[in-house]
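Two complexes come next, and they have one chain in common, chain A, joined by chain B in the first and chain C in the second.
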Partner chain A sequence: MEALLTAAFLSSLLTGAIVAGIPLLLAGLGEQMSEKAGVLNIGIEGMMLAGAYLGFLTAWTSSSIWLGFLGGIAGGILVAALMALLCVVLRLNQIVIGIALTLGVEGMTALLHHFQFSRTYPRLPAPDRVDLPFLTDIPVLGPSLFGRHPLVYLALISVLVLAFLYRRTNLGLTLRAAGEKPAALDVAGGHVIAIRSAAVLFTGGMAGLGGAYMANIGAGLFIPYMTGGAGFIGIVLAMLARGRPLWVLAGALIFGAALSLTTALQVAGSNIPTDVIQMLPFAAVMLVLVIWGRRARLPAALGVGYERGAR
Partner chain B sequence: MTLPAQTASDMSEAVGLHTVTKRFPGVLAVDGVSLTVRTGEVHVLLGENGAGKSTIVGMLAGLQEPDDGHISVAGTGSRLDSPSASLDAGIATVFQHVMLVPTLTVFENLVLGAPWWRRPHRAQIERRIAELSRDFGLKVQLDAMTGDLSLGEQQQIEIARALLRDARVLILDEATSMLTPSGADELGAQMRRLAERGLAVIFITHKLGEAYRFGDRISVLQQGRMVGDIAPDALARMDEDAAIEEMVRLMFGGSDTSASLYRDRPAPTAAPLLSVERLGTEGGAEMMALKDLSFDLRPGEILGIAGIDGNGQKQLAEALSGQRSATAGRVMFDGADVTRLSVGQRRKLGLRYLTDDRLSEGTIGIFPIAENTVLKDIGAAPFWSGGIERPARIGAHAREVIRHYSVRAPSEFTPIGHLSGGNIQKVLLARELTGEARAVIFNKPTYGLDTRNIAASRRRIREIADKGLAVLLISTELDELIELADRIAVMASGRIRGTVVNDAGAGDLRLRLGRLMVDEGKMADTTGDAA
Partner chain C sequence: MSASSELDDAAPAQSPRRSSRWLQRFVLVTLGPILAALVVSGIVLLLFGVDPLEYYGYVVRRGLLSSLGLQQTATRMAPLLFLAAGLIVAFRAGLWNLGVDGQFLLGAVAAAALAPSLVDILPGWAMLVAGFCVAALVGALWSVVPALLRAYQGVNEIITTLMMTFLGVSLANVLVKLVFLDPTTTVPQTRTLPVPDRMPRLFDTTISSGMIWGILAVLAVHLMMTRTAFGLRLRTVGANPHAAAHAGLNVPLLTVAVFAISAGFAGLAGASEVLGVTGNIQADWNPAYGLMVIPLVFLARFHGVGSIILIFLYSTLLIGAESAARRVGVPQDFTLVLVSSLLILLALAEWLDARRSWTES
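And then the complex of A and B:
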């Protein structure tokens, strides 16, 4: 058991929490925006996967990780645009469309990847890292916290930016009104369809970026179905965070740590069966839901399409 | 768009409808209506439930577009194709149903609709609100959570929001239905001041006295058509009674609605069916507690509960129906203690409750009328058999309800939320009276209904009592209680202040009830003034 407390274990757990946590953070922040505006975005898993696929493809063909991220964002937005059209503009059922989009993207990316690469999984070159003198040299914390890809810091900054936008500008009000009582926003002169669509597109962009991060930084390659439920964890995070971006961050790190426990325990050479360890993230989700799920407060009009003038 | 010449020349026109028609599936809601609203006037729109008043409001507010005809603003044709277009045209609307977000603060609701990247200007809003409070006596607490406020207070906020926008046209759709009589008078004075400042005010109400006192010009709708108009000079020449008579004549085409139900029955003497003994409930910040309430109700009797709105009437109704738990005392029904019984158990015994909250508590808006008529009997015969729904039975029952209560609806499949308030009320009443009803609690049964529907509802309540059912009638309308009740108990601050036998003849009955309603301290003054 003392193996659990070694520097190698802690360092690898912390690194893992960040590497696995960043996509969850991006997805959670994205989903949070949609849910605030009253759209339950179940298609987020598909948006992540589309981002992972297009992000990898762009990075691989252009040999630029940064272009890859743009490709990932584009991939997520593409799927999100479809969702916005079907669910926000045409008011189809959000849950049905969300599931259909996710399944569709799963099949489509697997197929496209197969056509292009047959059964091979080409790897991207390892991304360049920021090497901050001194900071990176701190034992345990140093390499985990300060040796990460710049995108990690951008994601962290986005937490603060969103928190500011939600609290200090009319954006938070407009979103909450769209999610609680869209008719009230409409008659106040707001634009329900526009704000909801924009929120869904934002979710797509964030989820796509998260997917691209998983492919390009986390794994260095694309494998079909590789997001493996990260988008769904993002939905849970958004629901538990009650509209606060900082809570999404906290949740993302906890789930990230749980997800990376497998690797960390192996690094530490523990003898707990891997099956048990692999179950941990899901046990964590359930535990968190049981403890805090009750406190999640969802917007009153979540999942309900808005039609002007309907009774 | 080409415009009729005379609209452009009518300089005082604020907004105009020109042969406007609006259809909904199965209903012609507005049928070729032309209407000119002038600046500096309070223009009252009258019409029975479902006449199309709110539909006209919806078109002016940009929620709906006319199918035919057009709308002009200040003499020029305008397409009001969205609420923001309507707001930009200077039209501000207070809707029949509150349009505020309950989970936002009052301040946040006031700034809602501004561009999303903008930061709210607190100081500026504070200054404007202070001005409005001074000029119009509006009460607005900026930091209160909107959902915690009473409906009357929320209406004040909506009016404040409309005024903040510097509107040239202010529309108030049944804005006084939630207000106390003095609150309504205050609003009437506010409208007058606004009209004097050059606004055009469109005021919709079912209370004809208000229409006379607050309005300059009165237009009357009947089944979507404009059927009459009382111009300012004509209105000024009439006294209140004459004006009301004229309005009734226009609204109902001369049909007699004031059929007096005056009663000279002997007082019921049977043993009490419902006895309330020293009942008490828990109170809260927004809910008044009930304290030490006792009364008896006999079969065939109508016991009225009078009082100013919000003095515990709703809590009493809920405590009796089983929706609110009692913390003291007991409720006896037919000799048995039912204090601990659930809503369903009490209903089975024959104790029925007709809520005043028709939209959220009484019905499921998206369900068809048919399902709503049996909502409280789910699983029970004859509409279910062995756990299986019998749509044919339910449908037949619903058609019978629609026919018998003359519900204005295209069919029994229409979602009940599409009906107007009065028609929803009829369906609810029908539902409470099916099966073995023995006692019925009515909470504000005629609120929001037009004169004809009010008369019909009152007649039904009378019939129910004549059939031997016990009726508890909670109402804020003294006339209604005096017309129907055998005895009238007055509630104030969660207690019963006194009970008066309705001996019809005594002319000072209203005065006696009124004295019980206001608090003791003020009572002496009232009597002093009256003398």
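And then the complex of A and C:
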């Protein structure tokens, strides 16, 4: 047990929690917006992957990691636009279209990767970091927490911004109305379809950014299927958080830590099999659901397309 | 997409006018999207500098027209059919069992662990039956938590079944690598069931008899859901759980039953792959058939015969594409693009069809 508490172990665990947790945080925050507005966005895995591919492609061709992030956002929004058109405007089944979009993006990006990169396997240079003065010098915590890429801090700030948006603004109320009682919002003069479409596009942007973070900072390259279920974890985080952005942050860090525990334990010289550790976050979620399941509340009109005048 | 079967109503009618309407509808809702998806995916191939006609031609020749290819196609159908049987039950009852991959893998592990140790004790057929039964039981057990949460706490089953799949995949790996590891080989895998002890092959071919059982399973499920009182109850729960409760049905109990049946079939699918084809499980094996069968069952609108036909076509595509990856230089991932565009176009066609019949009436 003492070996587990070394500085190297804690440092690699914290670093891992952040590196693996930030994409989950972005995906979870994005999904939360869609769910609030009444759209169950199962296509988020595809949006992340599109963001990872396009984000890497832009970063690689422009040699600018920031343009890469914009590319990632664009990639996610591109898929989200399809989702908004098919599921919000035309009211097609959200689960079928979500799975279809994810499968399509998986296939397309794998093909693109095959024809573009499979011979060269280009890699991005290590990203810049922002070392916050003094704070970085704290032992163990310092380099892990305060020596990260600026995007990490932006993601953390977005948690507070979203919390404020949901709690204190009219827009937050409008979003909730679109998810709880779309007909009431319609009668009050709100535009359900526009609100829901905007929420889905926001989800796409956040998921795409999360994917681009995985490709450009986490890995430094694009690999087919590299998101590996991160989008699905994002869906779970959003459902467990019951509409609270801060809870998404807590969940993302816990999941991130669990996902990176394997590497940290290897640093500490432990020999617990990786598969056992990989089960921990999912087992924890199931336990939470078993204990507090009854209280997990979802918007009333989640997953139901809105048609004006329909009975 | 409603749970009611539209193809049942669309059976060929007597009067010529109605049959021409039926043909129109068939072209619009089924044939049209398939052709359109082939065209859309063909354009994708063109963009990558591949001749679509050459690719499609190769896939058909390899997966359907060559004797070996056809046998491989038929063998590949077995696990997909069992999965489809389970999904038809769940989807018609309005429950989203998206966790079939975990149930499939754990069923497979159970069969792989049990069968080789029973070979010397039981006669061949009894060993196979025992393997299938245990696989179904383990698959069903893996759905108990999502089922109870859904039935008595109202927790969304999409999330819980997805979670249980992630858990199940890791657990299957743990079991294969740590518990049921074959000590006599260096490859991390379970003990191998000798070829003569596996499920019999059909006639003089290499086709596993699992395909026949799979077809029977899908047909049985289809008849159960459309022709029996039990099936009607399940469909009522699927169409409107509140109305079903008012009609005196024990909705929570039926929910648990649906999950058990659905996951049990997923376990059978795993057993059919292990006892019929592979004979063992290698570490990190996860074919992830479930995520592909879900859209196929949707395309068939939860119809048994439709599912069988689509699974046959999909197996052809899989076997053809596996070989095309080597010969034509298009990675297998292309099948995902094709299935994805097919799903979206099919949903669109259904939307158009609904609008059309609405304006006509």
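As a convention for this text, the second predicted complex is superposed on the first by the 294 of 311 C-alpha atoms of A that agree within 3 Å, B and C clash if a C-alpha of one lies under 4 Å from a C-alpha of the other, contacts with A are read in each partner's own complex, and residues count from 1 in each chain.
Note that a contact is a pair of C-beta atoms (placed from the backbone, for glycine too) under 8 Å apart; a residue touches a chain by one contact, two chains touch by 3 or more.
The model shown is predicted, which means the values in this text are computed figures rather than measured ones.
By the touch criterion stated above, A:R308 is placed in contact with chain B alone, chain C being left untouched. Of the two partner chains placed around the shared chain by superposition, chain C is the only one that A:L103 touches, whereas chain B remains out of contact.
Between chain B and chain C, C touches the greater number of residues of chain A. Of the two partner chains placed by superposition, only chain B is touched by A:V187; chain C is not. In the overlay built on the shared chain, the residue A:L171 is in contact with chain B alone; chain C does not reach it. In the superposition on chain A, no contact is made by A:L209 with either chain B or chain C. In the superposed model, A:I195 makes contact with chain B only, not with chain C.
On the chain B side of its complex with chain A, the touching residues are 58, 61, 63-64, 82-84, 87, 93, 95, 99-104, 108-109, 111-120, 161, 365, 415, 417-418.
Chain contact summary for the complex, chain A toward chain C: residues 40, 42, 86, 90-93, 95-97, 99-101, 103-104, 106-108, 110-111, 114-115, 224, 229, 232, 235-236, 239, 273, 275-276, 278-279, 282-283, 285-286, 289-290, 293-294, 296, 298. On chain A, the positions that touch chain B within their shared complex are 168-171, 173-174, 176-177, 180-181, 183-191, 195, 300, 308-309, 311.
Those residues of chain C that touch chain A in the complex are listed here as 1, 44, 48, 96, 145, 149, 153-156, 158-160, 162-164, 166-167, 170-171, 173-174, 177-178, 291-292, 294-295, 298, 330-331, 333-341, 343-344, 347-348, 350-351.
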